[in-house]
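Think of it as A, B and C in the order they're written, each chain with its own count starting at 1.
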Amino acid sequence: MSDGPKAMIECQDIHKYYGDYHALRGIDLTIREGEFFSLLGPSGCGKTTLLRTIAGFEDISSGAVLIDGKHMEDVPANQRPTNMVFQSYAIFPHLSVAQNVAFGLRRDPRGKAEKAALVEEALGMVGLKGYGNRAAHALSGGQRQRVALARALILKPKVLLLDEPLSALDRKMREQMQVELIKLQRQVGITFVLVTHDQEEALVMSDRIAVMFEGGIAQLDEPEALYARPRDRRVADFIGVMNFLPAQIIGETDSHVTVQVGGLGQVDLPHSQISRANPDDPEPTIGFRPETMTLIGPSQPHTQARETEAVIDEVVYYGDMTYYDLRLENVPEPVRISMRNVFGRDVQAVGTRTRLAWSPGSLVLFR
Amino acid sequence: MSQRSVEGSGLRIYAILYLLFLYAPIALLPVFAFNSGTIIAFPLQGFTTDWFVQMWANATLRRALTNSLIIAVSSSLLATCLAIFAARASTRFEFPGKGGIMGFIMLPMVLPEIIVAMSLLVVLLGSGLSLSVLTVIVGHTLICMPYGIAILSTAFSSLDKSLEEAAYDLGETKWSAFRLVTLPLVMPGIISSLLISFTISLDEFIIAFFLAGNEPTLPTYIFSQLRFPKQIPMIMALGTVLVALSIVLLAVGEYFRRRGIARIGGKDNGGFL
Amino acid sequence: MTKRIFDAEARQGYSLIAPPFVYALLILAAPLLTILAYSFLTDGYLEVVKEFTLENYAQVFSDPIVRKIMLRSLLVAGLVTLVTVVLAFPVAYYVSFMVRPERKSMWLFLITIPFWTSYLIRVFLWKVILGYNGVINSTLTGLGIIDEPLTFILYNVNSIVLTLAHAYAPFAILPIFVALEKIDRSLLEAGRDLGESRVMTFWRVTLPLAMPGVIAATLIVFIPTIGDYVTPELIGGGKIPMIANLIQVQMLALDNRPLGSALAVTAMSIVAVVSLIFLFLNRRFLKVRQ
């Protein structure tokens, strides 16, 4: 990766204070050219502040922002090579769709006809061909979103900043726009930086994700790594569903740690499967994702994997999936397993005594 | 259900009676303005437009009207300009002491006018400045400003903060972003503020009475004529014209307010105040 | 460095607020401070003697005529406020709860129009209605109900109260209407759902929630009426003065600025005390609700 694409945005030890409140606590971050990058975290974690810092709307208390290798300290927002899609879309209500899209071209020396062609092209890119004369306030949420995109992209920025752009849309529209945004990003090849609190959205859309908590970056990784190997307990809690079992460390060598796991028994885990526990709850725990374990029907033969006895406590049917809450021996809290409802597999009943097949490779130790 | 509708119609009758009570005295204006009798009393005598003719020919009244218009136009412009500053400062920026400063600027709204008028008068007389139309403008600007601020604060605060940021992000300067985006969107508020300040100033009596010196304004002229019974029919004609003018101004203001709301696709949520 | 950023926003705010603030300082604060200073000075013939004294306030509080006028002003303003607010509440309630949303602004428009028409003429019209040869008397004599015009309906406190109540009616409706509009309608349904009658729901839910509006209306009516100059002059015939008339007489006719100033300061203090009492009540209401 070191000789990969060049850096587009570099954040160097950025600190930001609002009065006494420490909003950004030493952000070091490099976003590559042409990348779809997401800042993910709960509200108040500083992700929007960081985005607005990159855009130039917020002054930073210390540190530096570089865009395309250039220091941004004395470059105001209106001269940065970035454009923004606002959470509220900020469509100018007194202008038509075309006037909105052409807004940033006011100082452009090109002729009227040329600008009109650019507007039409930008509208076409977001699927709004022929909407130019509509009044902006008469548009639906999804259409406003597209106008905001066209308005930003028409200026051919080096970076497009998106502040929770999908949060105001309903679920169906949101899923459709996710796919469209990915396609659009590939088509224009511009670096996209997305702020979102929706982990699913970040996983679906991003090349890389920075997970933020309390003004700092907890983990920066590709979606798969983030999901499978959360580096600490907060990230694991925030992304997807994870089961936690009490654990006891009984031995440690250079290559692995031996752990006694409640309900599962003894396992050896390599150091790559070890993450940090919460500082305020340092007891070691084992975590695993619901889909990494499988129920085995009573008639099915034994597998290569390890097996554990379990009793079905609750069944939640989701159509394509079924969630089972299982009781393991000596574990007070049930664990959740998800099973795809494929052809020939019956949904099992509550109270059924069953076997759980798993492999140590899907476990993460938090300590 | 029926209980509710009984209650509703009872209240409705009450509300209509209340409106009648509000309008009854005003309804008398045109009745006596077109009545040929010189005494304001029933039964009515006959139809005449003499009082309007007499009003039109009255030189002092013209002078009062000119003065009032100069005062109302100047003070509504001044008050609205000052109100734009205050409303933007209070809705857009946080700074220490904001509440106190704003409270102080809004104070004339809750201060009896006689006190504003008297204290200003004492200072003006003490400093040897002569009373004129100008001193009334100064006073009216002070009392119109809070109304302008109230109207414009609503207009400014209903504005999405990211609109201006978006314009700035798209390459405009802070000033051109304000001019291209904020100003057109708060324009209905500015027009409302101008109209309401104008109406307040045109009607204002106390400050004009004490600060105008020998210059008449419409209300002080009316006040001075009320002592003479034979002038009353003409005052009724004048009142008719003023009320009609007020209603036209208000209707225009309401039209702009609604158009402003419709233009940005907002929801109508009530009247002027 | 954090200090600088904090100051940047504050600086912009201050520079924007400066013009209106300086204007209010010059045109409002300076004169108010002047009369405050005058109220502690001694009156000389045609001039103000720069000698500290409390004599003016002693006079304000001991003179029976001054006391009578102060009490009358309080009484009139109190009555006007009570009448206006009580009469206005049902109208505000009707417009907020019974009128269809799209017609609400028309109702508000109708209610506000009279307020924007010349105050002076509206006050004078009551004189026309109530006067010796006025509408009521000429109608009654014309119909043969009475032989002599009634004299007791004009030039008294009742007629002042009636005129002021009419003049400030729209002032009372609007704040109550705004408070009622803010009430979440599902709260009322919840009240009914929990087994309360309509009347009890109104008493236990609607009225407490409307209280801030009622208190705002009270202040908005009380403050200008206690300082009203025109109505006692026209409807009271100058024989039933209120605070404003007294101040004007002392300041101008008698040219006793220190005493006039002391009266003005006292009047302002009364207004401030009454306002604070009501604002305190309002706070109590809000606290109870939480």
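Simple rule for what comes next: a residue touches a chain if its C-beta (ideal position, glycine included) is under 8 Å from a C-beta of that chain, and two chains touch if they have at least 3 such contacts.
Which protein is which chain? UniProt says B, C = ABC transporter permease.
The structure displayed is predicted, hence computed values, not measured ones.
The central chain of the assembly on a C-alpha centroid basis is B.
Between A-B and B-C, more contacting C-beta pairs join the chains of B-C.
Averaged C-alpha coordinates put the centre of chain A at 58 Å from the centre of chain C.
Averaged C-alpha coordinates give centres for chain A and chain B that are 55 Å from one another.
Look at where the CA atoms of chain B average out and do the same for chain C: the two points lie 17 Å apart. Shared interface positions of chain B, defined as residues touching 2 or more other chains, are absent. Across the complex, chain A meets chain B through its residues 55, 57, 77-79, 82-84, 86-88, 90, 92-94, 103-104, 106-107, 135, 137-138, 151-152, 155.
Chain contact summary for the complex, chain C toward chain B: residues 9-10, 12-14, 16-21, 23-24, 27-32, 34-35, 38, 87, 90-91, 93-95, 98, 102, 104-105, 107-114, 116-122, 124-129, 131, 133-135, 137-139, 142, 166, 169-170, 174, 177-178, 181, 198, 219-220, 223-224, 226-230, 234, 243-244, 247-248, 251-252, 257, 260-261, 264, 267-268, 271, 275.
Residues 3-4, 7-8, 11-12, 14-15, 18-19, 21-23, 25-26, 28-29, 32, 39-43, 82-83, 85-86, 88-90, 92-96, 98, 101-102, 104-105, 107-108, 110-116, 118-123, 126, 138-139, 141-142, 145, 149, 196, 199, 203, 205-206, 210, 219, 222-223, 226, 232, 235, 239, 242-243, 246-247, 249-250, 254, 258, 268-273 of chain B touch chain C in their complex. Chain B contributes residues 160, 162-163, 165-173, 180-181, 184-185, 263-265 to its touches with chain A in the complex.
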